[in-house]
Amino acid sequence: MTSAPTATFTITEETRVRTGLSRLLLSRDGLFVAVLLLLVLVACLFVPRFASPVTTGYLLLNAMPALLIALPMTLIIITGEIDLSVASIVAMSTVTVGTLTTAGWPFGAAAAAAIVVGLIAGAVNGVLIAFVGLPSLAVTIGTLALFRGLALVVIGDRSVSASSYPDAAIELVGAKLGGTGIPVLAIAVAAAVAIFAIVLHATPFGRGLFAVGYSKEAARFVGIRVPRVKFVLYVLSGLMCGVVGVFWALSYSARSDSASGLELTVIAAVLLGGVSIFGGRGSILGAVTGVLVIAVVTYAMRLQRIPDVTLVIVTGALLIVSVVGPSIFAAVRRSLHVRRVQRTLPRPARAGAENAPHRRLT
Amino acid sequence: MKGLMKATRLRELPVAGALVLLIVVTTLINPRFLTPQSVKDLLLNATILMILAAGQALVLITRNVDLSVGSILGITGFLTGTLFATVPGIPIPVVFVIAMVVGALLGAVNGLLVTFAGVPALVITLGTLYIYRGINNAWAGGKEYFSGDRPVAFGDLSVDTVLGFPIITLIALAVIAVLAVSLGYTRRGRDLYAIGSDPDAAKLFGIPLARRVFSAFVLNGLLAGLAGVLYASRFSSVGATTGTGLELDVVAAAVVGGVAIFGGSGTVAGAAIGAVLLTTITSSLTALRVDKFWQQAVVGILILAAIVIDRVATLRAARTLRLSEARK
Amino acid sequence: MKPEQTSPPPDLDVLRLRSAVKTFGPVVALADGSIDLRAGEIHALVGENGAGKSTLVKILAGVHAPDAGEFFVAGAPVAFRSVADSKAAGISVIYQEPTLFPDLSVAENIFIGRQPRGRLGLIDRGAMRAAAAELFASLGVPIDPDRPAEGLSIADQQIIEIAKAISLDARVLVMDEPTAALSGAEVDRLFVVARRLRDQGAAILFISHRFDEVFDLTDRITVMRDGRYISTHETSRTDVPTIVRAMVGRDVDTLFPKEPARIGEPVLTVRGLTRAGVFADVDLDVRAGEIVGLAGLVGAGRTEVARAIFGIDPYDEGSVVFAGSALPQRAPDAAIRAGIGFVPEDRRKQGLVMDLSVARNITLTLRRSLSRFGIIDAAAERRTADDWAGRLQVKAGSPRIAVSTLSGGNQQKIVLAKWLANDPKLLIVDEPTRGIDVGTKSEVHRLLSDLAGRGIAILMISSELPEVLGMSDRVLVMCEGRISGRFDRAEATSENVMHAATAVEGARA
Amino acid sequence: SGAGTASGGGDGGDTTLSFIPKNLNNPYITLELSGAKSAAEELGFTYAEAAPLDAGADSQIPFIQTEVQNGTKIIAVSPNDPDAVCPALEDARTGGAKIITFDSDSAAECRDLFINQVAVEDVAKGQLEQLYDQIGGTGDIAILSATAAAPNQNAWIEAMKAEIASNPDYEWNLVATVYGDDDDTKSFQEAQGLLQSYPNLKGIISPTTVGIAATARYLSTSEYKGKVALVGLGLPGQMKEYLTDGTVKEFALWDPSEVGYLTAYAGKALVDGTITGAEGDTFEAGKLGTYTVGANGLVLVGELLKFNAENIDQYDYITF
């Protein structure tokens, strides 16, 4: 082939490709994990009693629902969609396990039924969004009301307390790993996180999600079955919500308003974790860090008896700073760069007086 | 051909049809559904959501969204209560103006962050949803202002009627009419559609994108401020939690009314009709004595039905277009 | 430098850009962009893909602010801060990629921001519609001003862009590859309009990779290379080889180097393919090692047939047999697995995921073959991407840069790389050289020829007759959704093909 | 309770009284807490309050957990759900804390004491008597409650139903029970829905301060003003205008600040061992006098107060 001259000019020190670890450390995720660690450190130093196994136990257990739902939510947001109905699905699942247990079902069967209910709910979202082609924001606002409504239909004004379930199940939820305070369930959650991270970042399926997020049409042209992918994600989301519902029933109680408002918490955490609402960008590490940052800040502030009002404001501010910050940072960098370029490039010869005619063309 | 194009543009038609059908069926079963008092109640219920949905439509059309409206309404509602309680004799129009200005300022914060920092509106307004709500909580604390704290004339705005229409409903209708005309028949209004239709193209074309989007947010904030005042006129108390959770209802109303969630199409009139439909369905379920526990589920089904119908209508219009062009 | 080069007296210039610099991060898109436009001339700007033409255009348009350089309009120095500024200065631009608003009507697309107003200052829709209809009439195109822009073909979109620019009555009209998507008749009409505007005193900057057009239409030609101004020539006093040499800095080999290849068994067999209202009764075969050209006027339905074969669109009747077994409908993944590659006509929307990196785009079709036990082998992925980017000589800062930052020609190479990496048996290429410069074009042709030589079957859709005739072993012609002519290489002449392309009465003229 | 105590401030430990109401930013609760706060001052205890911003069933749990970790010895809570808080309360008791529920109760085994405003039966009977005085013993009536799962409201409603069934004077037809979720807007619309669906409705009972105010507001702005009777539990300061304009003739409540006040004193008595929560224990409660623990650890604050146009000016301090 002919040797074409290269048309791209590169300023070498800036295109030097960073590799492996240093890239991760300097990436947004890396910085964000550092922020999390710093927060934990600050909390340990300055918040009395934060550094204790009690914290690990409560904090992790409290963060678990949001964490588990954040995993499929990350995948969904990366494809450019959203799921607002998650909390309502959790409520349906919770209510299912509660009602069936009181109706005499064995706990295992009731829990399985609850997970199936979650799965079906996810499939309903999936069919409407993936196969009928409706916008996910609109659909899940609808199912947010519908699923919560169905939970209400099933359980009405009753509630089923955690004490209705077998002690073994309750104990499992409360069990800790020795003296660390880390809940036994955290192992399962960590496994879920790892599975989702691998699926998203290292499998063909995950690769496809990013492509779908940036351009559904282009994704179609490389053989990605976009509707099927979306359907799978919503079913996955429903499944996780089903699981969380069972956890919820065991930890708290089964009511029609269980987990209400959880959807915004999860979405806020995922977005805080750097997942782009427009799709195409994001990582499981970021999303998980997002959930944990909010959990740690919340926990530390509550230990200090700082009113929730402040917490609400801090959450909102964090969210805004996390997205505005990088964009300001980028703008500053851009302008610095332009200035440097202007300095390095030879100034064009100043147009002399003869080049600045005063006559105007009309 | 003309008729076809009209049909594809009039996305609000199916909703309006559904609304009429709902009212007719409910009235057939429960004739009291259309007594003057009930009609008045229906209109009053819809008023606030109508204003909010119309404002939201402006923002949605530009391919943005404002989730903070419930919180803005909360702040301006409480502000209204505070003004009346702490500044005795303050003229009612002044309160309207102050609340709307505050609403517009809060909207401007959203607009600034969205346009100049160039970050997605959903994230920004989810953030300000929390922040504004937090501010409202911090400010109000456990304090609430009751209707007794406000002048009777102010409360009467949502009691007295002209030609069967409550005054606040008339205010809302006037606002929506002005908005509808500005959006459909002014250059700035049409710019909003262009922006929502393809923001990149709008930028290349030289439409002042940031300024237009910013003004959509400001207007939406202003309308939320207006809604806050009307809320204080209508309901008995305003406090820290006023307007909580309203945002999703507002977006749902706009979507049901045919405003595309991804911008570029829909009208304020459609959004307003969507709001009326959503509030009417609640009333009509009550009037039909549908089990209270079923109501929320029915509302969910209604939202889904509305978007499915809209989708089917759009698809059919596109198909007709394709076939008619093929025949050409 | 060449003797025919001229340096015009400066006081005639209605627009003058001097030594403009534009960088995007590490990429210097424009190192020394200069251009002078005179009132009453049509001025061509040519250069290889990535030479910086579109970047220069965007500086004129006020989309990008130059990092350095000087800019005069009508003699006065200007610094545009926005597109509005440039419009106010009388500069109207047709961008390389159409920029229409899909939800708005065609009429509104033309007049957005300056709709005619009636009583109370409100928009007069009737007047707007009438004005649009009048414009279309003057351009001789039958577009309904009331239809939404959504779903228009690229050609029609381009025509609307042209109508929009014309209606602005600008004193400077910039057209960035306006003809890339147009057929002969439409190009002719555009030229008539352009000449009329020139005669009325407008300055027109015309960018094209098609030399016949450049020489037919323009008065002067400015050449750019590697982001730099090279030279300006009087059109009447120069010739193609001179310009090409200035563009690429060397002599270019013959275009269309199709080598005869050993033609084998049919790989693709399509019978009676029909989709109501779009195409009907399409029969075609492509054999191993064969290049089948699919010619026709814009809108003849060639793209639709290709999409149906590949499984993007459904069809109502007919069968598609590939390598001996039937291909399922609407399953691009099955088609890819069976060994079909498809280079679509809209590379920005369909061919590439623009925000994804060069490397990720190349390996997108290889997701499965690059993975072991369901996990992608990242090292192999990187190697593959580097390998193919190198083989096609893609010019990109780094494999991790987003393809959206590459020039059109380089983007097209990425699309090709993506499919070649997948080792296809059949490659369907739709307008493979649209918007591609001469140098790259001959590379693409050589590549296609090579592939055929290695036994790959190629179905090539092209609106450029010389390309079809030069490259194809056989030529099929479509008209109004039907195959209206079949020719062997020997019998395929421009007359035959054009005749078949317009054979059916009432074909879109 | 773990490390870090050294750097701690004065919170936690034996002298902190921690109040976790249903939520914050609600006038009724503010009033309750004001009583608790003044009692804590009298007792020389550190007063702390923490609660979610919404009255969700599960949202109180993290706050209880925080108190557990802070080692607080007296936790007073008004559960939004009687069962959901139990596991957390169990943890607290394991850690040595005394648990008092006030205003609304948890499952009895999860707490030491329940400070109730007024006996459930008295609340129910009092409201029914007020209604009987206004509309007699016949006709359609309806109830507008708070949330569907609110424990105290549900207890009162049950008691009302029992009383209607057993009292021969009451021949009312209870047509509906609806829930305004203690949300002003929602309660307002539920009231409206009731009147529309039941044209013959003669009276509404709303045993929640938010519900009665919203219903009164609706009635006062509609044609039903003065025609449909409204009774229930309301804040005098808020309801005064409706007594004045004739929408409401009489309603009831107690002094919420006394509930908080008594809760604080009961907490002190529990922690210093004066009482254990067993039936018959007695303790001093400052200005309120001496109280005795009843069956199931129940302590009653006092009587139901009835407000009408005559006495309202005496009581409108029960607001802010």
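The chains carry the letters A, B, C and D, assigned in the order they are written, with residues numbered from 1 in each.
Going forward, contacts are C-beta pairs under 8 Å (C-beta built on N, C-alpha and C of every residue); 3 or more make two chains touch, one makes a residue touch a chain.
Since the structure is predicted, the reported quantities are computational estimates derived from the model, not experimental observations.
K.L.:
Counting C-beta pairs in contact, does A-C beat B-C or the other way around?
P.N.:
Result of the comparison of A-C and B-C: A-C.
K.L.:
Where the centres are mean C-alpha positions, what is the separation of chain A from chain D, in Å?
P.N.:
Centres of chain A and chain D (C-alpha means) sit 39 Å apart.
K.L.:
Between chain C and chain D, tell me the centre distance in angstrom, where each centre is the average of that chain's C-alpha atoms.
P.N.:
73
K.L.:
Give, as an integer number of Å, the spacing between the C-alpha centres of chain C and chain B.
P.N.:
Inter-chain centre distance comes to 44 Å.
K.L.:
Show the residues in chain B shared as contacts by 2 or more other chains, in ascending order.
P.N.:
133, 137, 260
K.L.:
Which parts of chain D, given as residue numbers and ranges, touch two or more other chains?
P.N.:
In chain D, residues 24, 53-54, 179 touch at least two other chains, as defined above.
K.L.:
Spell out, as numbers or ranges, the residues of chain A touching 2 or more other chains.
P.N.:
In chain A, 152, 156, 308-309, 312 touch at least two other chains.
K.L.:
Among line, ring, star, complete and other, which best matches the way these chains touch?
P.N.:
other
K.L.:
Output every touching chain pair, sorted by label.
P.N.:
Contacting pairs: A-B, A-C, A-D, B-C, B-D.
K.L.:
Which residues of chain D touch chain A in their complex?
P.N.:
1-5, 7-9, 11-12, 24, 48, 50-54, 56-58, 61-63, 65-66, 68-71, 81-84, 86-87, 107, 147-149, 154, 179
K.L.:
List the residues on chain D that touch chain B in their complex, please.
P.N.:
Of all residues in chain D, those touching chain B are 24-27, 29-30, 33, 53-54, 178-179, 183-185, 188-190, 192-197, 199, 210, 213-214, 216-217, 221-224, 237-238, 240-241, 320.
K.L.:
Touching chain C in the complex: which residues of chain B?
P.N.:
1-2, 5, 8, 181, 184-187, 190-191, 193-194, 196-198, 200-208, 260, 263-265, 318, 321-323, 326-328
K.L.:
In the complex formed with chain C, which residues of chain A make contact?
P.N.:
Interface residues on chain A, with respect to chain C: 1-2, 4-11, 14-15, 17, 198, 202-204, 207-208, 210-211, 214-215, 217-225, 280, 337-338, 341-342, 345, 347-349, 351, 354-361.
K.L.:
What part of chain C is in contact with chain A in the complex they form?
P.N.:
Touch list, chain C to chain A: 10-11, 14, 16, 18-19, 21, 23, 25-28, 31-32, 39, 48-51, 67-70, 72, 74-77, 171, 225-227, 248-250, 253, 312, 331-333, 335-337, 342, 344, 349-356, 360, 364-365, 367-368, 371, 374-376, 378, 393, 395-398, 400, 407, 418, 439-440, 443, 446.
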